[in-house]
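Listed after this line are the structures, all set down as structure tokens.
Each of the next two complexes has chain A plus one more chain, namely chain B in the first and chain C in the second.
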Partner chain A sequence: MRIRKGGKRTRYQRLAGWGFLTPSIVGVLLFFVAPFFVVAYYSLINNVIQRKFVGFDNFARVLKNNAFRLAALNTLKFSAIAVPLAVVLSLLLAMVLLSRIPYKSQFRSFFLSPLMVPVASVVLIWQILFNYNGLVNSITGALFHLDKVDWLKSPHAQVAIIALFLWKNLGYNMILFMAALSSVPEDLIEVARLEGATEFQIFRIVKLRYLSSTALFVTIMSLINSFKVFREIYLMTGDYPYDSLYMLQHFMNNTFQSLDYQRLSSAAIIMSAVMIVIIGVLFLAEDRFGRDVDNV
Partner chain B sequence: MKKQIRRLLILTLAAVMALSSLAACGKKKKEEASAGAQQSAQAPGGASAQASSDEMKNYVYRVEDLPVTEEMEETSIDFIQYVDGRIYAAGAGYGESPVLRVFNFAEDGSDLQTKEYPLAETDSVGHVAFDEEGNVYMLRIEYAWEPYEEDVPADGELPEDAAGSGMIGGADGPTQILVTEASDEAQTEEVLAEETQEASAQEAPEAAEEVYVANSDETTVYLTAYGPDGAQKYDVKLEAEEGEEGYYWVSNFVCADGGLVASNNDTLRVYNPADGSLIKKVKMKEGSSIDRVVVTKDGTVLAGGYSWNQATGEGGMEFKKLNMKDGSFGEEVQLPGNAWRYNYFTGTDYDLILTDEIGIYGANLGGGEPEKLMDAIASDIAEPNFYRLCSISRDRFVTIGWDEESGQQKISFYTKVDPSQVKDKVVLTMATSYIGWRTKRAVVNFNKTNDTYRININDYSRFNTDTDYEAGMTRLNADLASGNIPDLLELSEDMPIQSYMAKGLFEDLTPYFKDDAELSANQYLTNVLDAYNRGGSMYQIIPSFTVRTLIGKTSDFGPEPGLTVDRLETLQRERNIDYKYLTGLTTREWMLYMMLIFGNDSYVDWESGRCSYDSPEFISLLEFIRKFPAELTEEDYNEDTYSFFRSGRSLIESAYLSSFNDYMMERYGTFGTDITMVGYPNGGAKDYSGSMINANRRYAMSSTSVNQEGAWQFLRTFLTKDYQDQIPEQEGAFPVLMSTLEKMAQDAQKKPTYKDENGADVEYNQTWWVDGHEIEIPPMTRDEADRFISYLKSLTATSSYDVNIMNIIQEEVTPVFEGQKPASEAARIIQSRVGVYINENS
Partner chain C sequence: MSRKRGWKNRLFPVLGTAAAAVFAVLFLAPIVLTFTNSLMSPSEIAANYGAVFATSDTGGKVFVSRSVTLKFIPDMVTFSQYFTVLVKSPEYLFKFWNSVIYVVPIVVFQLAVAAFAAYGFARHTGRVKQVIFFSYIILMLMPYQVTLVPNFLVSRYLHILDTRWAIWLPGIFSPFAVYLLTKFMRRIPVSVIEAAQIDGAGEWMIFSRICLPLCKGGIASIAILVFIDYWNMVEQPLILLSDEEMHPLSVFLSKINAGEISLAFAVAVIYMVPPLLIFLYGEDYLVEGISFQGGVKT
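Take a look at the complex of A and B:
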């Protein structure tokens, strides 16, 4: 591409740039931004039939709704446990697989294989494992003489889903961390070693700094995936699962089903606000911990 | 600063995209719903279209009846065909001696000619078809009659049309029943039975009537052909082939190029029209049957039937072309519309003509949605007969039907009216998930009498498909969600009515009601009207209702309602009653269904968002239901359980009350002693009688209708005295108007009557047969009538079928019934899951 002296682009180049960007911008505006504003509008009217402005009444209705509060709490609980575990465990796995251990390739394939398993199969496997007459109950019964537990319909149901979430996501996160760890400059690590730093200090002060942007990405992806675990829960337990598995997406889907767009829209806006705050905090954290690396 | 703005933008976009990605995980139904909304806007006559007056004018047809001749009066005309410019209609003539009678006339109804072809006394006309050369082909059924034996019908009952002759389906084809009336006395008895609607099994085998049943193994079918001159060409016996046991039952018979096609179970047989010999035999694939055979405009023979795939557990209607040359089935053909909904006939301007209960449609193979040609409501026809029809052109059809008043069979021409000749009116749209005859009749009456408005019915059941019976409902919801709101709605149980009300979809009719001088002066059963409304607003009009309850002896349950499972179990133990007989004859599945449909309200408090499925009462209920048998044996069904309530072998009866007489039948017939409407178990709830109001129909007006005055003019008709007075006789239900209810009570205090030969009313005693004994049902006393009216006035609960709660409970109780899980564990899970559902929707 020909660039004029002084780095300024020609009018033609600017037009070409916008030309290439336009389809994406139109797509994003049409399919993401415009619906978002429609949702915001729906959250402020009484119903789609009368369309009277009601201020924040819908938000108040949603926040007072026990089902919404239960769903929000369950989602928060699940994400608060599953996301850190997904980040930390995948980082540990990445470090283990980068160390000098035998069968590294086989382990890598093993942890990546869940990505290839269709959701329907995953659901089937989990149902076989955690069913009232399933494998887990058979083992705990045979070994520890414990009473049967309907795992997916009990207060412990989230344990089974967290296990599923980790099994499904660790491999992908691990690969990202392995790539990030490989890009940490070896000379810095060697200098640190020469200066007598311990392995933990090297990890904390050198590697972690270089991993911050990857960690942020993995955290955001895991957070999004933690919301998407609804798919598996829905396939295993339907519209109305045991209360410990009732997630925000259940609330949204069921509300859509009952045509209550106002409640649905309000819940979506509340959720997006919370997401913006969480992602904002993550950006700030990354900004703080990874600033010196960015400036290298 | 710039960097911060960029960050904020990225942050927002990330959140929006994350939310959008979540939304993309929606269920299939959602996609269908939104697709439905789009399609509905394009669909002809969709609610969204708010069908204009001009549009409806295109569907108006005029009906003219062919004058009924003496021969027609004596003929059961069942077949009609358009052949080469003339219409042929045929059926069995039942004059002095049986004949096949064929009428043929010109397209304008002129030049009526009648021909008769003699039949034997034992003959019946199976099917008739005609060809262009004037030949008549008949499937003649020769019955072998045998005296009736009591155990022929499995349940010991004769069919409703037992007086005369009728068909009973059986594994080997239908069984023909002939009832001969031996004397005048028997005739009188029959009149009485009709008057009291007591044509029950106990009376049928009485000596007064000689009943004969056709022996299906001895019944034979012949293919008989007559030439244009009326002479018989041949009479060939058609036989079920080896391996196909039983009676050769032909369900369809058509005349096509290359042969006469008859269908039997899963096989098509093609016969040579020249001599009746079998040319070809074509079998559908295993697991399929042939339910329909139709010839298209170009002579293609299509055979369709239900096909069931055992491996996938899925089934649906499949149509295939019959290749007449090599006698094979071609590829599957996608017929327009829902095969269950439509009747298919040969077209003239279209490949096929389709009819349903409200219209006539033209359709071409592979041509997508059928094109609406005629609308019965737009044509002011309440009860069209579109089951036997032939097409002359897209603007003219001939049908065989019945006169609404006289019941006389008639041949009618439907001719399109020039739209410019149709009077202009403001058109209101009424949406319904299924159009019932009462609504249809009310709409047609309104359209005929109102000079300003007319109502068009948008029946969403036409969107249901062979594989998705809820497609119409999905589309209606999508229409409502997208703002395509009809002026009026006929509500049904499958609609989310509570949700509609909460969204402000319905107009509060209270001001209209109060301002209506005629209606506001009347007294209504306000408890019934209030039961279906909320917050003091009148969102729904309830014209009539029935009551569902459990009834037991007062000596067993006391005079007050409020049944508990404990009381039932105690009585069961004390008297050692078999569970399957406890409530008549009941399976576990039926008991669960009954208790959930009619007793569910006691476990749910929608106002507070609480439920009590983990209560000891509900656990007891599950344990109680578990004790009922999963299945009943044939011997069980042969038991005369009606007598069990008197003898004490059964304790309570699930009853359906729709008249004062129903109460009297229970009191004096079924139980023979004082009874109490104890209601369904109340789960410990206070002020809960357990008896359920069951609205026959419910109507609402849209809050966004621009023609609310017109909509009210229609709705108010259901509450007028004229309409309410017709309800007891026409609907067999309780009216909501007090004066009509009082009239019912007064009538119940008189003996029933029948008209004698001079037209005079003659009183007779109403009787009921129990365990071989005739029991007299006396007229009601004033005291009984007052108590029953008080009972009706005390009802507040409505029967509700919440599909989500039902599904959850049924899913969780199955392991309990199979002994895999304790009831308390299932109850804990039900409480949790239903609790979420209730919280979400309260």
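Take a look at the complex of A and C:
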């Protein structure tokens, strides 16, 4: 609905356009952008009283900090396992829902419902499931003869959180994949079928091509969501989780408590730099893959 | 269709249904369990799960079994938990009310601010606006680890730390709704707008009489997405509100101590009822809103 190129645009219209934007821009500037510059400034000075420039000392201090390293490593580990699972499983769910099965809309509702449930509400059940005497241990014991473990207080604690992460996020990803899969033109599939392509070939050659940009988007969104998993961990284990569950947000919370602005600011800047790299990859890749397919 | 695929055509739906059923059970079980457990008496809960939540200081009072049994169906259905939560100890309702007080204004005003901004972005483009819109997307994708530090600094500077404004204001100006609503508004055909202009409609008229009504569905989907996001909030109150009295139920729920697990189930159910009701009536909007997010590219 934008104004056509070459169309007449009066001064009044241009002013009105900015007028509509003003409330949002003022708010974003005030609450996000301007303080971010303060954060950048804080990350470069020695303390808020002397305000002496120290270059990258603060960054070096954060990167050398053991708690930060542990948190970064744990976050990385979690994402490396949870994100591929979230992408593959949700694609499978989407394909199952689009195949010829009964009760499709009911199944869709069931898979989506965890998205609506606040994490705080199911934390109790999760604690019971992953307890030393809980259901998960009985199942792993019966099926694989594994020894009982107190999941949330063990090096495998991330397993419980990954399960919760998948439970909560698969439905969201599934909807994205379903939208992409239904945008594959029917006649293309029909032609492939007439040419004698097997279902697997149709999936690999036709559908996957249409899926690539969505798959990428889902991957990035899952990655970003995996950085937010502190919420689940905090609700399950409180302020002081087992070492393997100590995430970047825990590090930030602790730093907030000690009000070490320099450490806080440089950590935030480091993380935003990492995020910008990830987002940049998303945009570049969308550019590359998106070109193959007619944009919908 | 060749004949040799016949057996596969019959087999796949069966396998698919089986897989879907297994996943459906896994997805629904935690919700159903929370609900049925909220109908059990405190002693039944203690007998079943006492071992999970027992701490040294509360262990002595009730009988605590060593094993943990997951029970779907209560021995005896009782609503005493709900009675306690709703009537006897109002602290839970108080926290529930906190959640409502935070979330409702954020949803309403974030959408209001976004409606204006989305119109501005969708209708008039230019290099500067493209850059601004792009920075909104980057901001939207930043995790709390990054955005909470600036939020905290501003709140301290404005002396609104430990007040509700510290939660409200960053929420209201969050760029998420702007981004999504702009995508919705860009779909309105130019011809519709031009026809209105020829009829002499001004900018305000086009915005309020044409764009907003055409985006009703989009607004509903975004409202749902914003609602569930803030109903579930944990990070912001932990950092911006040091007074636990002001925390929303999402944070408070995890602090209910071992002696009150049976109450916790009832509170958990009460807490998930509003979003589930919204889901019941607005599932299609939710699905549309999510589908629309696919592809961040503007």
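In this text, the second predicted complex is superposed on the first by the 262 of 296 C-alpha atoms of A that agree within 3 Å, B and C clash if a C-alpha of one lies under 4 Å from a C-alpha of the other, contacts with A are read in each partner's own complex, and residues count from 1 in each chain.
Just so it is clear, contacts are C-beta pairs under 8 Å (C-beta built on N, C-alpha and C of every residue); 3 or more make two chains touch, one makes a residue touch a chain.
Only a predicted model underlies this, so the values are computations on that prediction, with no experimental measurement involved.
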Chain A: partner with more touched residues, chain B or chain C: C
Partner chain in contact with A:Asn65 - chain B first, chain C second, else both or neither: first
Touched partner set for A:Val184, first chain B, second chain C, both or neither: neither
Touched partner set for A:Ala285, first chain B, second chain C, both or neither: neither
Touching partner for A:Pro241 - first (chain B), second (chain C), both, neither: first
Partner chain in contact with A:Asn254 - chain B first, chain C second, else both or neither: first
Touched partner set for A:Val48, first chain B, second chain C, both or neither: first
Chain B versus chain C as contact partner of A:Ala197, first or second or both or neither: neither
Touching partner for A:Leu115 - first (chain B), second (chain C), both, neither: second
Which superposed partner A:Leu208 touches (first chain B, second chain C, both, neither): neither
Chain A positions touched by chain B in one structure and by chain C in the second: 28, 31-33, 35-36, 132-133, 220, 224, 227-228, 230-231, 234, 238, 249, 252-253, 256, 268, 271-272, 275-276, 279, 283
Chain A to chain C touching residues, read off their complex: 1-4, 9, 12-14, 16-21, 23-25, 27-28, 30-36, 38-39, 92-93, 96-97, 99-103, 107-129, 131-135, 167, 170-172, 175-176, 178-180, 193, 196, 199, 213-214, 217, 220-221, 224, 227-228, 230-231, 234-236, 238, 248-249, 252-253, 256, 264-265, 267-268, 271-272, 275-276, 279, 282-283, 286-287, 290
Chain A residues within the chain B interface of the complex: 28, 31-33, 35-36, 46-50, 65-67, 70, 132-133, 150, 153, 220, 224, 227-228, 230-231, 234, 238-243, 246, 249-261, 268, 271-272, 275-276, 279-280, 283
Residues of chain B touching chain A in the complex: 7, 11-23, 25-27, 29-30, 477, 480-483, 485, 496, 499, 502-505, 609, 703-704, 804, 808, 811, 815, 820-821, 825, 829, 832-837, 839-841
Interfacial residue positions of chain C with respect to chain A in the complex: 1-2, 8, 12-13, 16-17, 19-20, 23-24, 26-28, 30-31, 33-34, 37, 49, 51-53, 66-68, 70, 113-114, 116-117, 119-125, 129, 132, 135-139, 141-154, 157, 169-170, 172-173, 175, 178, 185-190, 192-193, 203-204, 207, 211, 228, 231-232, 234-235, 238-239, 249-251, 253-254, 261, 264-265, 268-269, 271-272, 275-276, 278-279, 283, 286-287, 290-291, 293-297
